[in-house]
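The following pair of complexes shares a single chain, chain A, combined with chain B in the former and chain C in the latter.
This part shows the complex of A and B:
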């Protein structure tokens, strides 16, 4: 392959631009996914009191303020060297479960599901939540609305505000859960379990029950044998709020297991000249480029990754689904755990298994005798100066890292958000789609746009927060360039 | 007639917050007169649609970026146009038009009348709690327009 000059197009501005470079034979040499630059987040935070961070970082993005609020609050626990009482940790986890139920539900019905329910070749104008409701039935639509409403109410009740929560404090949570609130949350959790089971049944019928889609999911279209990252509890079961970060290799063997506070020993960030977003990779393996395999430092942190790092799920029905998932992909246990599934389209199924897990876990927490304990806060007594906290956000492991002076005034801030973890993997999936549909100057235009969109949707990139903002629109632009970087063709679809 | 005025945007992203700032001003001006609700919304699509549920009329205020647009320009947009303001859509769920049709289909009571006011933004790529100067000057303009729209409809006895 000739060296590809990317000088003419370094750091293009704009949302969601895909740059595909061809070699001199017209075959795909490289594919890049550009994201817009946003500036000044660290400067915006430095000089503020650290305790403001949970209510600042939750404004970065209107999509997952809950996850930022929790990661930030956990970073403050460490910065102020205070361990919250058990009840506070449970309330925080309960809050995260209600958030997961609404976020995963919305993703499936509005974003991920349409590819399967309407088919990947359906016109873009129909491939949305309206199309899903027309196909699956009005009742499903009403259920989605009801699910969002009841969980938004739980988030408001626990978090103190409906969108930008305020209850997280270093050392705990600002208010205990009353018995009346607990009863309501318990009832909502039961409805969530029924709804998750209903949704898994829809997935069974429309995807697994359809040989063409089953083949699509299990095909090598977006098959990447990478490392995986997720958070696990003491039994190596999935935990979405707290535990140790576990990384497994492409065979499923444990590669690393560490507290979030040690993330810099395991993760480094690679910079490419054509994008402002950094590519995190496994430090011990080093950056070997955009490729998979055991020698490459590329890893992935998604719902699929989280199942791949877990030995099992701690709730009964989700565990049944977990077993069925690996069985369907022909995986059999090796040394007590299932080898990873590398088919990235399976992320949609993994997300629904997490939906069921979150609903079941919400019920467990809502019926925990300690959940109404008034002991939800320990007052910080000193400033340690460094605080690193992480939670599993729906789109991947979210890490907040703050450093302060002795008065608690911030000196440095770094965030690694869910989407950033997956930036290299996303670029690889886009390249895979391009390779299949471009040969010489023959380009299957509509197919290319569809396949690239499918890749993006399965990761559900939060470009907003990966670059610390919220773009209102994201038209997809695919530029094809020759080996000199000259634009051959530009394909465009409005977002 | 139950009316809601909704400001949309990211409160800490310079001019992207113009809708949020304008709706806060509208809320202050309206303090005395009952019957009009105000809300701040931080993402588009389904969230924005849900915020309008239960009202007969909605007025939205958002930032917009148009090709060659002059920062601080104020526009009143028809809902059915080809425009997109910064936050009409959520890239994680749906465009506003799709979200509204979905909500109606699923049985939510959504406003029959929706009008959109948009302010041309200068900087939507830098974190900051202040508007740029031309956009700051546009805030009283858009607030006055929204208040006039509210008044004219109330005066008409609708």
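This part shows the complex of A and C:
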């Protein structure tokens, strides 16, 4: 049998791999997105002392350790059956808001934004943060650096370290906020609001003001009508630290609303033999493969998803942007809420609306009279043995689930990380991009790579959680095969 | 203008935190850019592995290599960058000592697979499917790379010139090293640890040590530390006494014990053994003179009851390089 050997694969470990198969007419038969590494936290955390988990699970991802730290700490509250004092919850949320500001800023200017600011057809060598600075000006570049610096300083102040923080404990937070620190954080929050408004203006000018980009955003290239997931407060407004997990259907109707502790009733995970990462789906609908629509269990958990599940945002300027967002996409309220936007490239705009919300919420918390309360810890009195905690990580709903013995030694650990939620949806976006761009064996090579990368980047995939790459810079291999499995082309990007 | 020295920053099996620590040089990153020609850095640049292969041997002035060695590709990149670099630095805890992911060495690959793919509480997998090196799908074949059985350090794969410890290294320490290289000052002997002190975290800790003995250990959730006295002397298992200084003793400042991420102090090879020795000298077993051996052991066990997981407590970061090695060779 004639089969061209696929030797390159042996040299591709640690890379994201996309395999595209063509049928006899040269049309796309299928596309597979493989994640080729497992780091195994769910196994090697067994035997560890439960209270060590906020520090251990930080190391799942150096990009979003704050999210793991918080989800872990919340799981411990439940495992140790202890309700933290109100001030501790507020300090944790404040910490999360500083993290959101720096993380969303990094994504927009350094990782995902260059696609828009410079355009998808720009040469890869220019599609980076330096290219962005050239386009929007050096002063803006300095503002980005300053924004990251001041928020990492707040993260250090509150969490002990600016990367891999340590302050989370069952029952609270290890250190109260002093008045001096509070004043500094308040000042930084005000700067963050100005910066978020400035960034939205950049988006307005560069993307919304450009008919070609707007057409790309609203085209059906990355349009998937799936279910959406996110965390909401009692008024069904976005909350990034705590609340109920809400799922809406593709029409925007509420499908589920549940506390994280019940996640197993709503979420299940599917295993494929050709990838190390599992595919979460809505359990009640079942795994029906890589399909969108109301009958498929595929859902999405991203900034766009979070807006789609929210009836509104609780801070004033972010709410104005929220209204403008849905208005721009022609959505009008049905039963008191906007129907979902399914255009996946709109995720970049949604991320900036969250940036503004996080900055405004940071100011609210920094000026809350209770934020400097010394009462930030409660000592647990018993070990309940099961703890499930979730927060909204920038890349999706993050769930930690621990089970321990009576000494608080872990017996089982389950993690559903932000990016993983979107694995099926990302796979579908890649296939959609391939279908639209490949016809026969005529392939626009660079265009294909760019647009497949764009399909991934809009999800801001943090595959550190599963592999070892930074979001949006994932090394990528795209193999194109004919109906006999022969390799037609292999396109590579090292990262 | 003279050609700038070439710098590369590479990740193997890592979390990305070491890159964020570099980015957190903030405005100084522009100075790094002025002093070095950053030729290879998958995080920031689009240069490819083939571009590195094309460089003459030894043409990279400095490579900061972070991440552990877990796959054949990690190992191949370590060899490639060793050949091309005049200075190869094990950058951060994963490259230096395996770090937290090396706790994986305590478990077999089969256990990992069973737990993750068959027994995960949210996993629905009645057919018992697990990832396989080769899968036939209707359209053809799909291959997956195999994982090594052990997580290895960089020095287990290639010769390393220097180590910068920390999980991740603190940004001010990265700057100390990078600015020293920029200044052209002579570097310490090969094999030295850079960007850290020569003593222990206690040396730079602001908490007060009173040389108090402890009668029992407490777990972090059981105790709200009082005042400004030493956390170990309050009964918390603070690893500061068995950990290299250089971070600024950050964790004790927010009332949390050091967990040891800067690795063993100068001269100590095994961090866990160092900690056990330190603990022995601080434990008060209640006047053991005249006690039987069994009674002494019983009292020590009672004190140590608060550490049900020795490996995770004493070797959280250093298992891959410890005398224990973490299971299979």
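The working rule: the second predicted complex is superposed on the first by the 469 of 495 C-alpha atoms of A that agree within 3 Å, B and C clash if a C-alpha of one lies under 4 Å from a C-alpha of the other, contacts with A are read in each partner's own complex, and residues count from 1 in each chain.
Everything that follows uses one rule, which is that a contact is a pair of C-beta atoms (placed from the backbone, for glycine too) under 8 Å apart; a residue touches a chain by one contact, two chains touch by 3 or more.
Only a predicted model underlies this, so the values are computations on that prediction, with no experimental measurement involved.
Enquirer: Tell me the contact category for A:163 with respect to chain B and chain C: first, second, both or neither.
Expert: both
Enquirer: Looking at A:19, would you say it contacts chain B, chain C, both, or neither? Reply first, second, both or neither.
Expert: Second partner only, chain C.
Enquirer: Could you say whether A:111 touches chain B, chain C, both of them, or neither, answering first, second, both or neither?
Expert: It touches chain B, and chain C stays clear.
Enquirer: Once the structures are superposed on A, label A:407 by its partner contacts, choosing first (chain B), second (chain C), both or neither.
Expert: second
Enquirer: Using the touch criterion from the header, give the chain among chain B and chain C with more contacted residues in chain A.
Expert: C
Enquirer: Using the superposition on chain A described above, determine whether A:144 touches chain B (first), chain C (second), both, or neither.
Expert: Touch status of A:144: first partner only.
Enquirer: Would you sort A:267 into first (chain B), second (chain C), both or neither based on which partner it touches?
Expert: It touches chain C, and chain B stays clear.
Enquirer: Once the complexes are superposed, what residues of chain A are shared between the chain B interface and the chain C interface?
Expert: The overlap between the chain B and chain C interfaces on chain A comprises residues 36-40, 43-44, 56, 59-63, 65, 106, 128-129, 142, 145, 148-149, 152, 163-164, 464, 468-470, 473, 495.
Enquirer: Quick one: which bits of chain B touch chain A in the complex? Just the residue numbers, please.
Expert: Listed in rising order, the residues are 10-13, 16, 40-47, 50, 62, 84-95, 98-99, 101-103, 105-108, 124-128.
Enquirer: Any idea which chain A residues touch chain B in the complex?
Expert: Listed in rising order, the residues are 36-41, 43-44, 56, 59-63, 65, 106-107, 110-111, 128-130, 133, 138, 141-142, 144-145, 148-149, 152, 163-164, 460, 462-464, 468-474, 495.
Enquirer: With touch defined as at the start, can you tell me which chain C residues reach chain A in the complex?
Expert: Those in contact with chain A are residues 11-21, 23-24, 26-27, 29, 42-50, 67, 70-74, 76, 99-101, 103-104, 106-107, 111-112, 115-117, 120-125, 129-132, 135, 137-145, 147, 167-168, 171, 219-224, 250-251, 253-256, 259, 261, 307-309, 311-313, 316.
Enquirer: Which residues, counting only chain A, touch chain C once they are in their complex?
Expert: 6, 9-15, 19, 21, 29-30, 32, 34, 36-40, 42-49, 51-52, 55-56, 58-63, 65, 76, 80, 106, 124-125, 128-129, 142, 145-146, 148-149, 152, 156, 159-164, 166-167, 169-171, 174-175, 263-264, 267-276, 278, 280, 283, 287, 377, 379-380, 401, 407-409, 412, 414, 416, 464, 468-470, 473, 475, 481, 483, 485, 492-495
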